[in-house]
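Some structures are shown below for you to check.
Look at the two complexes coming up: chain A is in both, with chain B in one and chain C in the other.
Coming up: the complex of A and B.
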């Protein structure tokens, strides 16, 4: 039987396109320091440190070693975890497992990325199999675009639907002091922005950001001493799929998220997610993905998610706000991106959301997404 | 006297790699190069034929030893036209735009492959179009031996 575990602190940098004032090590240190400050702990209280980024973007592979001084890994368990886009949730889930196992009472995890130091799309393409898929892979947006065409034809989703998501998340991001993009844009602005690959336009896509995010997990006994507002982990699930892009149904059915969320609901005792969840922090790399990925979360009958979105259910004032942080469309330091989802879920439960706080959050769901259409889900609760 | 602070340090690296094709890909690309023929591995348990061929069926977790000839024609099941250039890691240069990009289900295969599509007018692309590969004259034994897939009319 595993132990009860809570997130007791979060810390993140103010995410930006470029941080020439700090190097990787200094960037990671910022997030770790802010996280320890949030917990009012010194590094001596931390039993294990996990770190990760998406490799090949900066051309640096031993980031756990480079950052050992600033992450706090010196003299204790320190390991790197890297799973592409889902690195941030993999780190969080691994830290949860360490503490739940009973072998460690506290664990700190930190995800980071410094995208301006290399070439993002070349880095992304190098994540694909060099023999089979590298010659024609069209980067993230080419694959998303082909998936979006399929999705729009099958479920009558329009470019306007996607544009509304792009606007909603950018407006939410304006209330988040840590968000990278703070854009006051309209649906017309999105529809008039440059076409990248049909039907995806510039303002439909996430930015490339630099930043880091950290979390501290603690066992029940320690958590209650550290904070009076722990965010308890009610469930954590992860699902991989085939390594080949052509094997999976893509936006038509993100089956990994469908399966992971169903299992997580069961663990967390959630029967009607639309009613029982108070907020969702969704990993949406492109506006279209928010529509498709929400459709996989069992909130309604399959293919009907646009009806809920049209009713405003996912807006800040709606029944189930999605991405109060502004989501990935505002902030995308890849190795930290998925952890930012978990951090925001914890912030919302802990009532630290400031201008973007959703009132009375008791249950929050965060997702992570990575290649190749792989999903992570974490559900946090104010009490277990 | 002091100048502006050091902000960035440029570093350019050339990192050459030589990947082993492996037994499965080696057979596939030899057939493609020498005979313009697509070969798939087939699972004796679930019956699925795979391109790219692979050594193990991920769903049944069984080694795949049976080979079947498939294609070369197929059906377009996903598409876009890409207008935004980026660095191609195979060449280090920007890929010329626009270009068609799609997912093709080769005849007799259970999994899609991705490749370039000759057509770059989005209004002329649709699901279910029949397509065929156009091969390079000088083939070297890689997926780049296929220049692109083009739309074919079938009765």
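Coming up: the complex of A and C.
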């Protein structure tokens, strides 16, 4: 790679179930402004703007157009990228490549969603094939339930294991001022919560949030001027799977993540991820997914992740904390969700984590999940 | 900067309706043929960038349905939800970064599956504008009128664009609407929104288009005649139409200036040999060609009347027949790039122009040209 690129600023809204005080463009503006404030820059210093959400959720066609004035796209390049749940990482990866290409020195990306203004499940149902799969895999619950049952059988994972993840991330989220859900819950609370689709219970599931998140990427020369703590991009990888859910052999055993993370480690020069990574921000749409997606990150022998989790390796005090932000289980503004993972990885490297700061973070990994078991991986480092 | 070339292309026949093909079938067809045209296999392909619209596909995450069809199974793929030229832009940037050697860019749309005016209404903000019933025809009629008033462009001059497009389309085997029509016939077609008549609006169309990109060394291994992307730029304008001067192609002027500077072009009116422009409405060929610097502001109608922009003129514009001859939203801009490639590679067949070495292709997204993308292509890197 010819050009070094870093994340130099992050900005996000305080995520909530409903934001009646702002409309869509005001919501986007909030994150963009906070990001520019973090960089102490004006929009004039930004060369390109990338934006994304899921259009069917609010029913705005070409939503980048309405947002042009608030995103900063007006008067410069404006590019809209949407890939479902992975929209946020797809945007971050695109912003990275636009700067890495040499065509732009700085790029701002912003992901957003305002779910209270539409019907998310109605929008999501149309993702799957109308003839073959829509009846079976309508919305998130059905797909995740099928996946969790398969995973639980194959890898001897129990409902208690999943419940522990739900508790860990909610407890982490309580220390994140931007998190949507701040729940002081126990494993019993999770296991006693309402069953949505076996084995997934209410507290196993991510919320529907509204919010926005923004990042600024800069080339080496600009990055060093903007901040003394850039989060350098060491790798950015994407893998997409088949268009039919039924063609994916084992849903939650995420082959796209295995492939993307292996490629990312190679690019970032990481040989032993368990030792070399300091923190992971994982896109876990459901408690079960944190277990299975972590298993795909080559941290241990295949199928053995539960042993690491049981030892507390992924807790805030552990060797490799996972989701200090509280993860998707606390905050899920869909078009921004994956970008929140990258933002948190950058926050941790930049030492801005406040009460949730993991000490001495030098290498952080963030993932995005979307579409039909697709994966994005970004690795950030404090120095390259 | 790393050089990027087009090494393979494919497009479907464009039709009013393609009931026999799902959109993934169209994507497979053009992806397969573009890779074959480039002489690379799906396993050699490193990445795909798609362009499609959830609203037209009726599918949220519209790239979900085309991941295998676009050869991106277990590979990096991303979707730009804008005109296909923006997907090209992203693919070019990814190759220029040094991380990839090649890319497939593919765009599809079956407009026949949607209701274009209802979908376009959803562009407008739901608080102040949507309830006015704005759609593509009516907002572009505002722009047509603003432009015609300022520069004294007549309805007959706008109609003459359609006459030229449909005439050129007779020589393009994939064009949808072709034929000999007169200015009088164009102006006698039903009025959609004053001053735009039915024949002056691009038709509902189904189809797909793909191209393969490669960095310099691979490109030269693959073909003796690569077509280089020597300049590319895009700018976005303000959203509210009332905040813009609709008679001026503001963001196009900026995009053209930047793309030409990158390509080392100082005088496009002399240095560009052929132009492929996204004119969804007749007046747009005139307004956009001025924005692209192919003639002075207000001078496009005269250039058309002097037949300078015809297939055999000194500045052929849309020898393919353009968007007026039928290309779907999102796909249209990528078709312009493919057509520019065909001209420079001397593969345009009956609609080939003579001695074309430098071309400009143009795509646009959003109401009244809110965003424009300008691509300069050349036979010389």
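Throughout what follows, the second predicted complex is superposed on the first by the 378 of 384 C-alpha atoms of A that agree within 3 Å, B and C clash if a C-alpha of one lies under 4 Å from a C-alpha of the other, contacts with A are read in each partner's own complex, and residues count from 1 in each chain.
Heads up, the rule we're going with is that a contact is a pair of C-beta atoms (placed from the backbone, for glycine too) under 8 Å apart; a residue touches a chain by one contact, two chains touch by 3 or more.
Everything quoted here is computed from the prediction, not taken from an experiment.
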In the overlay, answer first, second, both or neither for which of chain B and chain C A:333 touches. neither
Thinking of the overlay built on chain A, is A:59 touched by chain B (first), by chain C (second), by both, or by neither? both
Touching A:126 in the superposition: chain B (first), chain C (second), both, neither? both
In the overlay, answer first, second, both or neither for which of chain B and chain C A:111 touches. neither
Using the superposition on chain A described above, determine whether A:255 touches chain B (first), chain C (second), both, or neither. second
Quick check for you: in the superposed arrangement, does A:230 touch first (chain B), second (chain C), both or neither? neither
Looking at the overlay, does A:242 come into contact with chain B only (first), chain C only (second), both, or neither? both
See if chain A has more residues touched by chain B or by chain C, and give me that chain. C
Examine A:371 and indicate which partner it touches, taking first as chain B and second as chain C; both and neither are also allowed. second
Touching A:11, do we find chain B (first), chain C (second), both, or neither? neither
Chain A residues touched by both chain B and chain C? 59, 126, 129-130, 242-243
If we count contacts the way the header does, which residues on chain A are in touch with chain C in the complex? 1-3, 23, 25, 49, 52, 54-57, 59-62, 64-69, 73-84, 90, 93-94, 97-98, 100-103, 123-124, 126-130, 237-243, 255-256, 259, 370-372
Chain C to chain A touching residues, read off their complex: 1-2, 24, 53-55, 58-61, 63-69, 72-82, 86, 89-90, 92-94, 96-99, 119-120, 122-123, 125-127, 232-240, 251, 254, 365-367, 370-371
Residue positions on chain B within touch of chain A in the complex are 7-8, 11, 13, 17, 19, 21-22, 25, 52, 54, 58, 77-84, 86-90, 101-103, 111-116, 122, 127, 142-144
Within their complex, chain A touches chain B through residues 20, 59, 119, 121-122, 125-126, 129-139, 141-143, 145-150, 153, 194-200, 242-247, 250
